[in-house]
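Down below are the structures I want you to see.
Both complexes below contain chain A, partnered by chain B and then by chain C.
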Partner chain A sequence: MSWRLFDLMLWAAGYTVLLSGISIAIGLTLGLLVCAAKLSTSRLLSAPATVFISFFRGVPLLVQLLLIYNLLPQIGIMVPSVVAAILGLSLCTAAYQAENLRGGFNSVPKGLLEAADMVGLSPWQQLTRIRAPIAFRLTLPALVNEAILILKASSLISVVGVIELTRMAQNLAASTYKPLLFYSVAGGLYLVICWTLAGGGALAERLTRTHRA
Partner chain B sequence: MSLDFGLILKQMPDILSGLWVTLWMWIVATLLGAALGFLVAVGRRYGPAPLDWLLKLCVEMLRGTPFLVQLFLLYFGGPFIGLRLEPIPAGLLGLTVYAAAYFSEIFRAGFQAVPKGHVEAADMAGLSRAQILRRIILPEMTMLVLPQCVNMAIVLIKETAILSIITVPEMTMVIGAIGSQQYAFVDAMFLLAIIYWVLVEICGFLGRLAEARLSKFRFAAS
Partner chain C sequence: MNKRFLMKAILGLSLALGLPLAAHAEDTLAKVKSAGVLKVGTETAFAPFDFIDETGAHAGLNVDLFDEIGKELGVKIQWVALPWDGVLPGLEAGQFDMVAGPATITKARVERYRFTVPIAEATVALLKRAGDDTIQKPEDIAGKLVGAGKATAQLKQLQDYGKTLPKPVETREYVGYNEAYADLAAGRIVAVANSLPNIAFVAQKQPDTFAVVKPAFGQPSYFGYIGTKKPEDQSLIDAVDAAILKLKKNGSMAKLQEKWFGTTFDTPDTVPTPKV
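Up next is the complex of A and B:
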C-alpha cells in the first residue's frame, strides 16, 4: 500500500472520530433531557421517555439509519447524508446514555441528599452540588464504554454513503482489489482508536476518584 | 405522509422466510457463540499463560473492531486466503466468533465474581477441579451472568441486521427489497423497526422471566 492511500485511510479515521464525537456530544445532551423526563414524576413526561428509550434501544442501528435517511426527504427535509447519519447515531446513543445517566442518578446515596437537606441546601443546589457531580462520576465508565460502542457503530453509516473509515476501506479495496489489506488496516485503525479511548477513560476515572461517594 | 403496510404485507411468504433466516441464524450464533465463549473463558482461566495472552489478544481485537469490518474481512478478504464462503455460512461464522468474544468476557467476569472462599472450601473438601467448576462455580455464576447473557442475545439479534450488507437473505434484506420494489421503502423500514422492537422486547421479557425462575441460585454474597 502506498503512503498516499494510507493517508486517505488516516484521513477517513479522523472523520470517523469527528462524526462519533459529535454524535456522542449531541447524544449526551439529548440523553440528559430524556433522563430528566424519565425520572420525572409526571407520566406525561416519563411515558414518552420510556417509549423513546425502548424504541431506540430495541431497533438495530442499521434499520434506524435507513429509516431516518429515507424518511427525511419524504417529509420535506433535504439534508446531506452526513447529517442524517449524525442524527441517527445521536438518537440511538441518547437512548443508551439516558439509561446510563438514570442508573447514575439512582445510585447517589440517599444519606447524602438527606444531609444536604438538613444543612439547608435548596433542591437546585442539591442537584448542582451533590446529585449531578456524583451521578456523572458514577456514569463516567459507562460513558467511555458508550463512546467506544458508537465509534464502532459509526461503521454502519457507510451504508448511507458517508465516506468514513469503513466506506473508505471499501472503496480502496474495490479499486485496488486488495480487500484483505484494506479491511485489516481499517480494523487496525479502529483498534488503535478504541484502545486509546479505553486507556483515556481509565485515566479519567483515576483522576476523578479523589473524592468519591 | 401516511404509512401503508398493506403493499408490503402482501408479500407475507417472503417476509416470513426472512424472519425465519433472522431467527435461526440468531439462535444458532448465540448458542454456538456462548459455548465457544465459555471454552475461551475456561482456557484463559485454567490454561497456560501463553494461551491466556493469545486468547486475550483475539478477544480484544474482536471487541475493538466493528462487526461490519470483521464481516467484510471474512467475506471479501477470505477468498484471498482460500476461505470462500457463501453469504449465510460467512455470516453465521462471523456472528458466532463475534459473539464468542463478548460471551467469553461475560463468563470471565462470572468466574471472578464467585467468592474465593467457596472455591477454597470445595478444594479442601477434596473436590476435583472439574467438580469445583461443575458443582460450585457454574451454579453460583449462573445468576451473575444471566442478565448479561440476555443482554448479549439482544445485542446479537440487532447485529443480525448487519448481515444484510453481505447479502444474507434475512429480514432486513428481504423487507428492504420489497420496500424498494413497491416504492414504499420508508413504510418497509417502519415495519421492519417494529418487528425488531417486538422481538427485542420479547427476548427481554423472557430473560426477566428466566431470572425470576433461577433466583434460587442467588447466593448470599451477591
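Up next is the complex of A and C:
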C-alpha cells in the first residue's frame, strides 16, 4: 500500500472543504435574501420565502440532490455533477440559515429600535448599525453549527457522481480491504476540519463581542 | 393563501415532469464524435469490471475495454462514478451517454434499455467464507441469511432460487457488493450471491478469507453494457456493438478477459433472449 492513497484522501478532504465552503457561502447569501423576504411585511415577498423554507427544510437533502441531478435534465437543463452537488447543498443550507438569521433579527430588543426612532435614525441606519450587528452576533453560533452540519452532510453528494471524502474512503477501503484504516482517516480529517470551523467561529464571536462600546 | 401556493407548486412540478416530450433529439453518435468525448456512467465497486485499485487508480475490464472502444470511435472516455442505484436514473436523465456497470441482461431490463452485445458471462453463484463446511453446495443456504446488492439482477435470482428450497432463504440487501463481502468476512451473513466472474476474482484475491461454492445456481445469463431505447441513442450503441465485435474477432477481448478473470468466456455475438 502506497502513500499515494493518503494523498488521495487529503485531496478528497480538500474537495469536501472546497465544495462545502462554496455551498455555505452561496447558502448564507441566499439565506440572507430569503430571511429579508420572510421578514417583509409584503405577502408577495414573505409567502414565496415561506414556501422556499418549508420545501428545502422539509425534503431530505439526499432526495433534493437526486431531484436536481435527475429531474432538471428532463426539462432541458443540463446539470453536471459538481453543479448539482453545490446547488443541492446551497439551497438546503439557505433554508436553515434564513431561519437562523430570522431568529436573530427577531431577538433584537424592541426598546433599542424605539430609542433609534427617537434620535431620528433612518430605517437603513437602524439596520446597519443596530439590527444587523446584533442579529449577526446572536446568530453566529447557529451559523457555525449549520456550517459544520453541511460539511458533514456533504458526504451525501457522492450520489450525484462527486467523489468526496467519504466516497474516497469507501473506494479505498474496498480496494485495499482495510476499512478500519480508511474510515478512521476519514473520521480524523472530518474532525480536524470541524475543529477549525468551530475555532474560527469562536474567534469571530470574541471579535464581535469586544467591538465598539 | 398557503393552499393556493401549494396548488401552484404542484402544477409547476407536474408541468416540469411533462415537458421532456418537448426536448429536441440530436443523434447521439454524431454528438459524441463532434465533442470527442463519450460520457460513461459506472459504479467503481464492481471488481474486476470496475474498481479502484491498490494505487488508487480507476481500473478493471471496463477501463481497458472502453479505452479500446474509444479508439475505435475516435473519442476519449469520460467516466462518471455513482453508487449503482443512481446509475440507471442518471442514464435516463441524460447525464451520460451510456452505462458501463456492466449489468446482467434480464427480461425486465431489456424492456426498458438497449443492451450492447455480451462482454462476459453473468451466471450467479455463491461466495462463502473459506473453511465454512456447512455450505458445500448451493442448496445448503436454505433457511440462512445471504447477502446481495440492492437493485441487482443477482438479488432477484437469489430470491427466486431461495423460494425453490425446502426452507426459504433470508436475504439482506447491500448498497454495494464490497459491503456484502465485508459482512460475509465478519460472519454476519453465510454467503454472498453474485455473478461468477465477480466472486471468482474476490476469492482469488483473498483465498484465506473467501471461497466459491460450485456449481453456479442461477440461470445462464450474460453481462452487457447499457444504453437507452431513445431513437437518437441507437446509432451510438450500434457503433459500440461493432467495436466490441471487432475486438472479439481480433482476439483483444479474449486477452482482456484472461487478464481480469483469469479465464475466457464464450459469449454470443448478439444480445441473447434473457432467461431471467
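Observations, loosely collected:
Simple rule for what comes next: the second predicted complex is superposed on the first by the 208 of 213 C-alpha atoms of A that agree within 3 Å, B and C clash if a C-alpha of one lies under 4 Å from a C-alpha of the other, contacts with A are read in each partner's own complex, and residues count from 1 in each chain.
Quick note on the criterion: contacts are C-beta pairs under 8 Å (C-beta built on N, C-alpha and C of every residue); 3 or more make two chains touch, one makes a residue touch a chain.
Keep in mind that what you see is a predicted model, and the values were worked out from it rather than measured.
In the superposition on chain A, A:160 contacts chain C only, with no contact to chain B. Once the two complexes are overlaid on the shared chain, A:96 sits clear of chain B and of chain C alike. In the superposition on chain A, contact of A:180 is made with chain B only, not with chain C.
In the superposition on chain A, A:64 makes contact with chain B only, while chain C stays out of contact range. Using the contact criterion defined above for the overlaid structures, shared-chain residue A:52 touches neither chain B nor chain C, since it reaches no partner. Of the two partner chains, chain C is the only one that A:8 touches; chain B does not reach it. In the superposition on chain A, A:81 contacts chain C only, with no contact to chain B. Once the two complexes are laid over each other on the shared chain, residue contacts for A:191 go to chain B alone; chain C is not touched. Within the superposed three-chain model, A:105 lies out of touch with both chain B and chain C [touch as defined at top].
Once both structures are placed on chain A, chain A residues 55, 66, 70-71, 74-75, 158-159, 170, 173, 179 are touched by chain B and, in the other complex, by chain C. For chain A in complex with chain C, the residues that touch the partner chain are 1-2, 4-5, 8, 43, 47-48, 50-51, 55, 66, 69-71, 73-76, 78, 81, 158-161, 163, 170-177, 179.
Of all residues in chain A, only 54-55, 57-64, 66-67, 70-71, 74-75, 148, 152-156, 158-159, 166, 169-170, 173, 179-180, 183-184, 186-187, 190-191, 194-195 touch chain B in the complex they form.
Residues 1-2, 5, 9, 16-17, 19-20, 22-23, 41, 44-45, 47, 51-56, 80-83, 86, 89-90, 92-95, 176, 178, 182, 206 of chain C touch chain A in their complex. Listing the residues of chain B that touch chain A in their complex gives 1, 60-61, 63-70, 72-73, 76-77, 80-81, 158-162, 164-165, 172, 176, 185-186, 189-190, 192-193, 196-197, 200-201.
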